[in-house]
Structure formats: structure tokens, C-alpha cells
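By letter and in written order, the chains are A, B and C; residue numbering begins at 1 in each of them.
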Amino acid sequence: MIIQTIAFYVFAAFVVGSAFMVISARNPVHSVLFLILAFFNSAGLFVLLGAEFLAMILVIVYVGAVAVLFLFVVMMLDINFVRLREGFLQYLPIGASVGLLLLVEMILVVGVLATSPDTVAVAAAPTPDITVVSNTEALGALLYTKYVYLFQSAGLILLVAMIGAIVLAHRVRPGVRKQSISAQVSRTRAEGVELKKVKTGDGI
Amino acid sequence: MADLWANYIVPGLWILLQVLVVVVPLLIAVAYFTWFERKVMAAMHLRMGPNVVGPWGLLQPFADAVKMFVKETILPTSANKIVFLIAPVLTFVLALVAWAVIPFGEGLVVSDINVGILYLFAISSLGVYGIIMAGWASNSRYAFLGALRSAAQMVSYEVSIGFVMITVLMVVGSLNLSDIVMAQQKVWFVIPLLPMAVVFFISALAETNRVPFDLPEAESELVAGYQVEYSAMTFGLLFMGENANLILMSGLTVILFLGGWLPPLDIAPFTWIPGPIWFLSKIVVMLFVFIWIRATFPRYRYDQLMRLGWKVFLPLSMFWVVLTGGVLIAFDLVP
Amino acid sequence: MAELPNLIPAIPELLLAASALVLLLFGAFRGDTSTRTISWATVGVMALAAVFIISGPSDGVQTFAGMFVADGFGVFMKLLILLGSGLTIILSLGYLRDHGMERFEYPILILLATLGMMMMVAAADLISLYVGLELQSLSLYVLASFRRDSERSTEAGLKYFVLGALASGILLYGASLVYGFTGSTNFDAIAANIAAQEHGASVGVLFGLAFLTAGLAFKVAAVPFHMWTPDVYEGAPTPVTAFFSVAPKIAAFALFVRVMMGPFGGLAADWSQIIVVLSATSMVLGAFAAIGQRNIKRMMAYSSIGLIGFALMGLAAATPEGIQGLILYMTLYLAMNIGAWAIILNMRRGSSLVENIDDLSGLAKNQPMMAAAMAIFMFSLAGIPPLAGFFAKFYVLLAALDAGLYTLAVIGVLSAVVGSFYYLRIIKLMYFDEPAEKFTAPTREVGLIITAAAVFTLLFFLFPAPFVAEAELAANALFR
């Protein structure tokens, strides 16, 4: 058990530390790299919880795909993030008050939970017992049966997001030469070659 | 005190031993892969290849290693030093940790976790960071261009690799690599899933930045891409990481499609040879194919590469996922 | 092998989803020239879905593990939504052609938004509610900035997106609180849990309810969550604005009613006060802010805020009569608004659209028929008897009085009087001012829609009975 405890604190410390560095690093690329570190360590925390499937998916999806594109954009765009941050303090009062409000509510909610333990009893139990099936199987069994409606609807939402991105951002630029493989392949000899009879001594 | 020994130190040492048993031969294999590559390429070009250091040039990798160690590590002045140094280490470490879940034989695996294939996929998707970081931190145009190319390329081909893996694990019904191998006792998956095997192999070429998809390090246009500013051992680490990845990808192809440590037929002369030998020899064959391709194919153009990934492999692999699922349901073969 | 869920109640939704995918593929292969074909195909699919809805179950049958419900209320609201969406697609055709916006994604996005709305209406679970809402909102964000080369359109889209995402966040926060304290996201289970509490619902549930209400109020654009409406209405392409003002409003209202009357029906005394405040402020702000507007789209935005306030009055009553009034209100609102927007869409000279109220001056001399139709809609929106708008207001006011909300009813009547000022001003402009330049004649489809809407608005008082009966049936479905 002691190893798990040590591992937990190491991962947790790294998550918190790198999350802090994400917002305090001067260089945006460093911010993204710290974000990746934070993702990676949260995946470690998932493993400690026994949710190895989620851990791997977190790394594959967030670190392997989302953060790469993020890094891409940050590297390519030459945004002056220092200037962007200048207004940071200006919004601090609003941000802090919203944060405070949420904090008060959270305390209230946790307080109610603590004072009336009967509310805890209504919490849903994990549907398939995780000691019996692996969590990959358990997730699949829930997602594709009970939650199939939501699963498919979420797919539709992603489809809309994709259509939206294409509609709003994709432009057909005129004058760009593209390879058209079908045109290349379907070219006949007659189109490409022309035979001219050249008279001797006259040139072309 | 005895408790501490029994519960922590002895298991810890045992794990360490297992790791060493995997890593040390791996490093030697990486070194000799360079020799193998040069020799095979030379033979195909009708040259001699390395033949001065040791018999048949067998000591050449060690000579190279010594050279790497004694050379000076140059840090470009405008480089982002920390990231510049982390990048090769990251590449190298990732190439090594992936081997933790590779089964060399029945039960011969450092860590037999039940999401093994996802673990490998996750590690290989992390590999792109080593390259991006190297390219960005070098603060050089060639390096950066190479890094961007490589990141786009790896992310693109990872998608179809993911779908191929899904097909395989649908057939097997498990994410565990040993289970995947054991499921091929009757027939290797390369036969029923041949198109997926081809897609996987070609995507593996792209994923490891090998010819004909070596645009990130195309020496004729980008000098050496993201490695251009690296020297001595930092370069050595990048290079070794890359080659270890190549061997890993061969290993993965063998596990997913070529029956891992299983003999081709479960009859007498084949079964005399132990599983790990089968596994390693299959890897060598795969590596030979990699080198063979390098010696024969010209480089892809970048738009062709992207077209192949997104417009050919992605629909094809998605179609096969659906088809495989349909076949499994229709003939009631769901594991 | 698990059993398939009962798909029969969800056939209309499945039809829309499947045809959206098919049409998307068709468009991707055929290119933007197929926009017209796809638009008409979309309208056809919606009509088919309406047939399925009418012939489908309406007895409150649940499916997909209690996430989806098909009841009388849902049937009525879904039909309204389909009607609104279908008509706006037809209205958009001319505009899309004139402004070089003929892109095949447009009808498909409307189709997907409609699907999201129908999912919202059919939701019987907090998660399916959210998923439907998100599907609808995301499509609407894209539609708002569909004219991507126009700065105002992209601004409208961005504004809508940012504020909409904030509202979704608030709604989700509320939903998570409700889930945490009742232990379920299912509407029935939440209602049962709240009913089982001895000394009223816990603070957590009430907090969650407040957040949910705020999120939903944003979606229907009730004051004080209305800030986005005028800008989005003004900036978005006009047919999109017409769409915004009809179908999503109805859907958001249906959702509002379903959430309030379903899981939180037992807490009506608690949330009714919130709704009363939302309703009163919306009516007052809608009436006064619209007076100063020069742009007809902005004016219609404020007018819709005021109308939303009226509809909320029915919800505040929290009685079957109130809900019946609300349903009837939304039905008539659909007819009046579609007609008014059809005319606004036709305020064009050559092929460019004009949006100023002054451009309508003297319309009666140039195009008497159009002016007459507009006059009918404006009188109706102002609530002059015997037009449809009067009945709409009448039923909700009656319900509010029945429920003892006298102050709210008085505020409603007064703001209706103030509001009639700007509606009547348009009529005055059209009939008594010097004629401005002539508008281009409407296309056949648009003319037909204007005529139908005008006739319906004008003659509603002759045959209100079937609508009232249907609305009563729909409202009663919520009170079983």
C-alpha cells in the first residue's frame, strides 16, 4: 500500500505543479508542454484508481491528439502572449468573485452532504461491480446498452462540430493546382502526344 | 525490517532484473540493427558495406558508439536549452518503456497488463512529442519544418493504426497482448485480416518516419529535419530511440498479425524451437522488409502522403472495422 | 446479447438523423449546386417525420432506458417545431440564392438543429436534455455566422457561441447539483426523490434548480439573460434570424415547461417566484426597449423578448390551464412570427436586403397586399381582437388570473399597451407616410407562406376549438 500512497502523492504533486506552471509559464509552448505533463500525471492517477482504460484513453486522446494540435497552433501562431496577459489583472476581481461564489456554493453543498448523510445513500452505485469485470468491459456494456442514445447523440454533436468547422473555415482558393489522380490516370495517348510531320530542312 | 525486504526490496530488485534483461539486449539489438541495415542495403546496391572494423565489420556499431560518446555535445546558442535536451531523452525513454508489455513468449513479459495494446498505442502517440520538441527547441528552420511535417504525419497515421488495432481486438475480445497472440493459434491474423495487416504495416512505416515516408528527416531537402542541430550523444539518443521504435513496430506487427511467439504450424519440427526464438526471428524478417523497402522505394510527396493517410487508409480501415463487426455478429463469432 | 431498445417512439428522430447523414453525403458528392434539391428534400423529410409523429405513440411511453419519452405534449411541440423549421427552409431559398450563400450545409444544419430540438422536447433525463440542447445550440452557432464574410454575422455567431457556452455551463452545473442531491438524472426518479423528502427539497436541489432555470432562461432569452438576442438577431443572416425566432424558441419553451413541470413539479411554489420575476422583467423590457429601435430585426428581437415574457406567465401559473395557454401562445406565435419574418425577408430592392423600419413607409401604396398582411401581423402581435394574437395573450392572462398572479397580469396588460405603440407605428408608416422605393415582388413560395399565415392569423377566432382542445390534451399529458 505504501507504494501506492507514494505514487499518488507524486502524481498529484506533479498534476498540481504542472497545472500551475501552465498558467504561469512565460512561454506559451512551455505552457502547453506543462499541460501535457499534467494530462500524463492525471492518467497516472487514473491508473491508481483502477481505471486503466480511462487512463490510456486520456493519454491517447488528449496527449496524443488534442495537445499535439494545440502545440501546433501555438508554435505556428506568433501571438505575443505577454501582451495578451497584460489585461490579466484587470479581470482578476470578476474572476475572483465568480470563483468565490462557486467556492461558497461548493462549501454549502458539501456542508449539506456532511450534515444530512441520507443524501449520500441516494448516490447511484457503480452498475457492474468493478471487481467482477475489467473496466473496459464495464464501460462498453454500459455505453452501448443503457446509454446508447446519448452515445449516438454525442456522435451527432461531433458531426455538427465538424460540419461547422468546415463551413466556417474551409475555403476553396482559386488558382491552387491540385493533383487529380483520376485525370492523370484517365489521360489517353491522343491527349498527351501530338505527332507532326516536319519537312526536312524547314525546322519547326 | 524483514518485512521491508520481503515486500519491497526483493520484488523491486526482481523487477529491475527483468527490466535489464529486456533493455540490455534491446540496446545491443539497436546497435546491430544499424549494422544489419548497412549490410543489407550494401548488398542490394552491390557494395560491401562496413567491413573494416572487426570481421565482416561486426564491431562497427561499437566504433560508432564510442565516436558518439567522445564527441562534443553542441548546444546552439539560440536553442531552448532545457527542451532541447529533454527531447532526445524523451524519445529514447519512450522507445524503451513500450517494451514493458511486449510478450516474448508465453508468460515471458515484464508487465502483463490487461490494456496492453492501448498502452502501446498511448506510448507511440507520445513519441511525436520528442520530435516536435526537438524541432522547436533547435530554433532552426529545417528542424522546425521537419518537426511539423512529422507531427502531422504521425497524427494522421495514428488514426488508421487505431482502427486496425480495433479490428484486431474485436476479433480477439481482449486488449491483452498475450491474449491477442494466443487467439492466433489456429490461424495468424495476417490471413483473415490481410488488408488490415497491409494498412498497419504501411502506417507503421509512416509512424516511424521510414522510407518512403521519411519526409521529416529527408536528408536531400531538409538536411536531416529535426535532428539537424543535434550532435554527439544527444543525436545518439534520438537515433537509438528511432531505431528502437522501429524494432518495436516490427514486434507489434508480429504480435498483431504474425502470431507472436507461435510457430507457423503446431506440428513437430516447428514446436521444437522455443517461442522467443520464433518471435525474434519474425522480428528480424520484418526488419529486413523495412530495410528492403528503404533500398527500393523513392520518397512520397507530402500531399500524396496525406492523401494516402486520410483518403485511403482511414476509410478503408473504418470500413473493415464495420465489416469485421458485421461478420462477427452475423456468424455468431463474437468472442 | 442485449435486447434492442424500443425504437418505435423515436422513429421521427431516427428518420431525421439518418436522412441528415444521407443528405450530407449527397451534398458532399454533388457540391453546392445541389442546395435547392437538398433543401426540398429536407422539407420532405420533415413532413414525413411529422406524419410519423402524428401516427406514433403519444401515451407517455419511455424508451432508451427512460431517457426518451413520447407523450402528447411532445407530439404537439414537435409538430410546431417541424412546421417552423420547414417553413424557414422554404423562406431561405431566395435569400441564399441572392447572397451567394447557396451551400448545401445550410439545410442540413437546420435539419440537425431540428433534430436537437426534437430530442430536447422528448427528453426524460437531464443528460438527454443536455445532449439535445447542445446538438441544437451548436448547429445554431454555426448558422448564425453562416455568412462568414460578413463581420456582423461572424460577430453574432461568436457572441452567441460564447454566451451560449456560458449558459450551457450554468445549466450543467445546476444539473450536476440536482444529480448529486437526488441521486438520479432521470426526471421521474428526481420527482420521486423530491416527493419523498419530508421537509421539502434540500438546499442543493434548490440551488441546482436555480442554475437550471438560469440556463434555460438564457435559451429562451428571458430578461436578464437576453443580452445576446438583439445582437444575434441583427447580425445573423435574416432567414437564420427568422429561424431563431421560431423553432428554437418553441423548443426551448417546451424544454422549460418539461423540466419545470416534470421533475420539479413538486417544487412549483419555489420556482414560480423566479418565473414571475423573469416574466415581468421580460415583458417590461421588451415593450420599452423596442420603441427606440430603427432596425426592424432589432425591433423584432425586443418584441420577441416581450412575447417570451407573456408566455412565461403561463408557466408561472403552473396549472394545466397555464400550460395550455402557453402551448396555444406558442402555436399562434409561430404563425404570426413566420408571417412577419417572411415579409421582412421580402424587404429587398433588387437583390439586396434593407433592414430599416423607415424603408417600410408607404408600403400600402406600393404593395397593398403585402402591407395588409404586415398590418394583420402587427395588429395581432400587439394583441388587438379579434386577431390570433389577442387570443394568445387572453389565454395566458386568464390562467395567470386563475392562479392568483394579479400583479403579473396587470404588468402584462400594461406592457402590452406600451408595446402596441411600436407595432402601430409600423402600420402608420405603411399607410400614412410618403412611399419609399418599391420592394421586389416576393417569390411564389414566400407569397404563399405570407398569405397562409395572414389568413390563419385573421380567421383564427372562427375556429379556435380544435387548437384549444389539442393544446389541452398536450398540457394534460404533463399532469398525469
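The definition used in the following text is that a residue touches a chain if its C-beta (ideal position, glycine included) is under 8 Å from a C-beta of that chain, and two chains touch if they have at least 3 such contacts.
Since the structure is predicted, the reported quantities are computational estimates derived from the model, not experimental observations.
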Which two chains share the largest set of C-beta contact pairs: A-C
Chain centroid nearest the full-protein CA centroid: A
Rounded Å distance between subunit B and subunit C, as computed from the means of their C-alpha atoms: 56
Inter-chain centre distance, subunit A versus subunit C - centres from mean C-alpha coordinates, in Å: 33
Averaged-CA centre spacing for the pair subunit B and subunit A, given as whole angstrom: 25
Subunit C to subunit A touching residues, read off their complex: 2, 5, 10, 17, 20-21, 24, 64-65, 67-68, 103, 105, 108-109, 112, 115, 119, 127-128, 131-132, 134-135, 138-139, 141-142, 145-146, 148, 157, 177, 180-184, 193, 202-204, 207
Contacting residues of subunit A [partner subunit B, same complex]: 2-3, 27, 29-30, 33, 36, 40, 43, 52-53, 56-57, 59-60, 63-65, 68-69, 71-72, 75-76, 134, 136, 179
Interface residues, subunit B side, partner subunit A - complex: 8, 80, 83, 113-115, 118-119, 121-122, 125-126, 128-129, 132-133, 136, 144, 148, 151-152, 155, 158, 162, 175, 303-304, 307
Subunit C-touching residues of subunit A, taken from the complex the two chains share: 105, 108-109, 112-113, 116, 119, 121-124, 144-150, 152-154, 156-157, 159-161, 163-164, 166-168
